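Here come two complexes built around chain A, the first alongside chain B, the second alongside chain C.
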Partner chain A sequence: MTDLTPVTALGASTARRESFGPLTITEVPDVGLASLALRQGQAVPTPFGLTLPAPGRAVTGKTASAFWTGPDQWMIEGPGQGEADFAARVRDEAPGCIVTEQTDGFVVVEITSDAGAAPLEALMEMLVNVDPGTFGPGQATRTAMHHLTVFLLRRAEDRLSVLVMRSFARAAWHALAETAGRQAR
Partner chain B sequence: MLIPHPLLGARDAQEFTYLGDASLMDRPDPNGPEAEAAFCDYVFLRDNPAGVHRELWFHEQGDRSWLVVTRDTVTHEILGAELARDVKRGAQT
Partner chain C sequence: MTRLTGGLIDREKPLDFTFDGRSYSGYAGDTLAAALMANGVDLIGRSFKYHRPRGVLSAGSEEPNALVTLRDGARAEPNTRATVAELYAGLTARSQNHVGSLERDLLAVNDLLSPLFAAGFYYKTFMWPRTFWEKLYEPAIRRAAGLGALSMEPDPDAYDKGFLHCDLLVIGAGAAGLMAALTAGRAGAKVILADEDMRPGGRLLAESDLLNDAPAHEWVRAVRAELASFPNVRFMPRTTVFGVYDHGIYGAVERVADHLPTPGDGVRQTFWRITAKRAVLAAGAIERHIPFADNDRPGILLAGAMRAYANRWATLPGRAGAPVAVFTNGDDGHRTARDLVAKGVPVLGVVDTREDAQAFGDYEVFRGATVTGTRGRRGLRAIQITRGATATWHDVGALGVAGGWNPNVHLASHHRGRPVWKADLLAFVPGADGPKGLFPAGAVAGRGGTASALADGVRAATTALADIGMTAPKVALPEASDVPHAQAAFWHVPGKRRAWVDFQNDVTVKDIALAHTENMRSVEHLKRWTTLGMATDQGKTSNIAALAVMAEQTGQTIPGTGTTIFRPPYTGVSLSVLGGGDTGKHFRPTRLTPTHDWAAAQGATFVEVGPWMRAQMFPRAGEGHWRETVDREVTAVRSAVGICDVTTLGKIDVQGADAAEFLNRVYANMMATLKVGRVRYGLMLREDGHLYDDGTCARLGEDHFVVTTTTANAGAVYRNMEFARQCLWPDLDVQLISTTDAWAQIAVAGPKSRALLERIVDDTDLSNEAFPFMACAALTICGGLRARLFRISFSGELAYELAVPARYGHALMERLAERGADLGVTPYGTEALGVLRIEKGHATGAEITGQTTASMLGLGRMVSAKKDALGAVMSRREGLAAEAWRLVGLKPVGGDGPILAGSHLFTEGAVRTLDTDQGWVTSACYSPNLGRHIALGYLEHGDTRMGERIVAANPLEGQEMAVEVVSPDFVDPEGVRLRD
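Now for the complex of A and B:
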């Protein structure tokens, strides 16, 4: 049998992490992801005890979190559950809903600032056409960054997550690192 | 150009793709009388107004919802946007 070596979305054996001045960009390889959609007329479930958020919003729970991706659609995140059958767990928590495995489709990149919101908002202004003033903690949206479609989540004043399609991991990293690096110079 | 998305607020028009006249939502009944002529009009004929126009836009790099956007084709002013599914459901009831 061939011996297979697991690699992260950026092709290394460990997650990549780079710092540029106050900003640190980290690849998060172990997040379980599943999309959840309602069938027509179906009641909204409460998977993992989460109240599924309104348009443009995200919620964080103890074992999982969720963000709105479209009318009657959400993405469920399970931190540390990247190697589990996360979709099956979501399916158990939301009986009858349409649940699709997304773990291997995306890469999560976390951007943190150790100098408050300002460097993070400056980075957003360079990369996406979303108003950082109204995109506060608890907001989540899907938008375009360097022609790539990404999910943006403002987890806190000084913390932003970017979910990008896994095959575009390097392109997204390039966009983030170049811009953050230019800002730090 | 910004499009006032009914759920998400003002969004960059670059996130959207344009389909065309909102009359595309009113597909003729294929079993109705003169269905062939009705489909010929539906597929090939469009009004081309200089002024207020209702058109379908897809929020492709966003929440992937279809919108009916009312736009003035002379000034490019966006006069409003509704979710296409609400428009369709409103028409049915």
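Now for the complex of A and C:
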């Protein structure tokens, strides 16, 4: 166990959380991330028992989840694995696959609504050029948000995750908080 | 003038406002133009060129004349059309383009000088002397001719942007648009209905014709209520769809708070990008006028607008009680006379160019007659009616002009859609080659009669929905009729006096004739020569009249004369809203390094490097000049140990059985032979053989590499590598992914760097034997944290780069600073980094400019001849291979002034011309190690000219300096230190 103390992508010792009306935006630092890509001709593995999803989709398992990022490429998420060597675990679960540590490549921000889908979808309208009507639970995509490249995951009707390059964490938080705040006013 | 009866204004809600400092009162539902008219204010501004008094011409967004500056201070908004500015309590507006008062504009003298100011005057007159144009002529002309002025203060309001998706976008909420939306709404389609007006209805609000035997606005209200009950329909008032873009994307601006004094907590406007599967264009039509002598006085307006002011806003221009006349070439003008008579307004009569004109009601018709002149300095007082050889003057307070209607083909003409002339309608309608998925309906399609438009809305929506596999239910139409609309092809009244075609640009019939005489035969040339159709209204009321006049000149038909091309935006869009609200430091997102907060706490200053903020230097108390700071940091690196965040350099993870082969093809030099645990410097070439980027390539495993790029090119190199992987060599087993953000990377440089690192690594032998120059390894530090260590050096010293997961970067920096205190550890920034690399002759963006070859850097032999790689063949082409510039070091001869980067290099005594130019200085700095200024530069055959004295000249500033050509390796040229 290292004696170095990590900081979150927003530069604090604890995750940031802010509420705007029915919407709550939360930084989620304890997620391990690793990219998984197939070698040529390799069969699709089932890491952590996951059936790796088709384009535009995400799947959630008991200990890990995954979303499609490109042909024969997925991102594997390990809740609670933010400080572990999650890539090594994925490598064990998907022998022979090409795995790269991505945990700190991104900041994961979760947006939840306590008033159903409507506030979340209204927020999406102001953030991303993705049709909330067809972007239902289980959908995942890569898109642009306020000049930032993001992964967008609809975890549930009332829950959305945004993955942004870690170095842009504060810019992304500003965009999310400003937009959600405006909606709440 | 007092109000007429009726109207769609709320007389229970009076609103006070000011115009040119005077107080007036209007009602909720008024536009500024309507409210001014109701207060008897007809003179609203001065014209662009001649400073002629001008009033309201239209009742919509096509307005060329009634432009005002709305609001005060930083919110002042010039050139706002009073005809679409919604009245609110406390509105302030000012007239524009006059010197002195609006009533007595001193620059009205321009009107007397008008013979001088004909089209083309400026082009011909202000040619000589050339130097006078920028300093004298242009400012003077701009002062005299212009519209409103900007406040020059930052816009205080917030703006937003957003994205909407729908099955059917309906543009325009008039008769056709409402029926289209209703049809699609009932079909269950996701519908967006947008209209630029504050309320739906379009022309239905301006006409007196009944729907279902009741005023049309009652039907509109019922439809609006039904649409509001559909969860699948979104009605967006005050929203202008201004452009059609690729793949069914429409640009729209919603004026969220323009009808309020300030937006308060909210936004003023929102820029929407609407992705629509299909769209119905139901944008209506714009009435055209008929140019005749002195047709621009306040009180002369479009007959349809006059009807709108009377029916919707219960007002009319002109002196109270003065009779009103209409000048028309068709039936439509008679509707105005009919409505005014019904409202009890004294009507002089209708001047109809047709001999067989029929009256719509009880008023006089001047058949086969034209209006040939007007009087009234600041407002219309009389018109001259001519029939045959007989001309008579008649006192009037206002004149409505009806020249026919032009379908709003604008959006259908985006994507280079060409409108088609319909001889029976005397108008252009959308052609078949317009934007895909856009269905014109109603007046846009030439079906502007109320009954026709209603039916056409249903038809268009049904067709559009069928196109996407949706079925529309049968929708019953309200009872309506089409008013007769016979019309003569009468385009302008010939005469000797000026007859305005384009009011906004002060272009007359004579100007168009002159343009033709001057051989401006193409309509595009006409436009540019006369400025017709330019500025804020884009010729909405003038284009067709101008084409008709030009057709007459050329003896061609109107469609034979051509049309100009319509481009977005339909009406003006402010840059603020296009920017979408991201201003100031949020104009573009900023990237922060993992040690940003640590550096800030140390008092670092920061510099923008692309989107990144990098620590520039770490000034200490007592350091009065930036050079003191930089010299200290550089000296610390060369004598002790320095630490610097280098996370910003791009990192790309390359894995796969063919990773080595892939990199061999991407890098100009040999990479496949790199041993596991070793790093190699690499050069990437562009396809054309020039240097693209440089960096390092570390082999962490047999099929696992991590390559680094420069900060600036990180994204582009990754993109190019992906292109090569996916498109050039899809057969190779290789995968790429960026890990730039995942790892915090800290450079630890200086003779004591090993000693410092030995204090934090876990059980790793860092001795020169075990971990030599260009070694790399995955290891752990600080009690088990996974890390990567690279022994590479940008400074020329014994140096390492240490990478840890980004969340630990901050703590690692703290730890290095703490554990290295006794070693003299010093954080350094990009300035010191720059000095260190110049002292060592290492290239960066200043040297690798995109026009640089490997040979110029003295690295020509790195381009391997034993294999092929991107750009390798082209780098050997004739001409490029013969490039004689070589990177050299330069130091001043005698004295020690700074050498200016950008200076050009000449042999001593040479005449300084492009032909004798021998190169240039790329980078320069003060070297604290050498105690003098030094520089790097490219010099012809520089590698064979060591010791030669040449001149670095900066002719722009009249500076020159004698310099000596030396090796670019100023420090430790044998490279002993970095291998120690």
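Following the convention adopted for this analysis, the second predicted complex is superposed on the first by the 180 of 185 C-alpha atoms of A that agree within 3 Å, B and C clash if a C-alpha of one lies under 4 Å from a C-alpha of the other, contacts with A are read in each partner's own complex, and residues count from 1 in each chain.
Keep in mind that, in the parts below, a residue touches a chain if its C-beta (ideal position, glycine included) is under 8 Å from a C-beta of that chain, and two chains touch if they have at least 3 such contacts.
None of the values given here were measured: they were computed from a predicted structure.
Asks: Who does A:N129 touch here: chain B (first), chain C (second), both, or neither?
Replies: both
Asks: Given the touch rule stated above, what does A:A15 touch, chain B (first), chain C (second), both, or neither?
Replies: neither
Asks: Check the residue A:A156 against both partner chains and state whether it touches chain B (first), chain C (second), both, or neither.
Replies: After superposition on chain A, A:A156 lies in contact with neither partner.
Asks: Applying the touch criterion given at the start, work out whether A:I98 contacts chain B, chain C, both or neither, answering first, second, both or neither.
Replies: Touch partner of A:I98: chain C, not chain B.
Asks: Please indicate which partner A:A144 is in contact with in the superposed arrangement: first for chain B, second for chain C, both, or neither.
Replies: The answer is first: A:A144 touches chain B but not chain C.
Asks: Between chain B (first) and chain C (second), which does A:G56 come into contact with in this model arrangement: first, second, both, or neither?
Replies: first
Asks: Return the chain, chain B or chain C, that is in touch with more residues of chain A.
Replies: C
Asks: Determine, under the contact definition given at the top, whether A:Q40 touches first (chain B), second (chain C), both, or neither.
Replies: Only chain C is touched by A:Q40; chain B is not.
Asks: What is the contact status of A:A171 with respect to chain B (first) and chain C (second): first, second, both, or neither?
Replies: Touch partner of A:A171: chain C, not chain B.
Asks: Starting from the residues of chain A touching chain B, keep only those that also touch chain C in the other complex, and list them.
Replies: The answer is residues 73, 129, 134 of chain A.
Asks: Given the complex with chain C, which residues does chain A contribute to the contact?
Replies: 1-9, 11, 29, 35, 37, 39-40, 73, 82-83, 85, 98, 100-106, 125-126, 128-134, 146-148, 165-172, 174-175, 179, 182, 185
Asks: Help me check something: in the complex, which residues belonging to chain A touch chain B?
Replies: Result: residues 55-56, 68-71, 73, 129, 134, 141-144, 149 of chain A touch chain B.
Asks: Which positions of chain C touch chain A when the two form their complex?
Replies: Chain C reaches chain A through residues 158, 160-165, 190, 265-267, 273, 275, 582, 586, 588-594, 596-597, 611-612, 647, 653, 655-657, 731, 733, 735, 737-744, 780-786, 804-808, 810-812, 815.
Asks: Please give the residue numbers of chain B that touch chain A in the complex, ascending.
Replies: 7-9, 11-12, 14-15, 61-65, 83, 85
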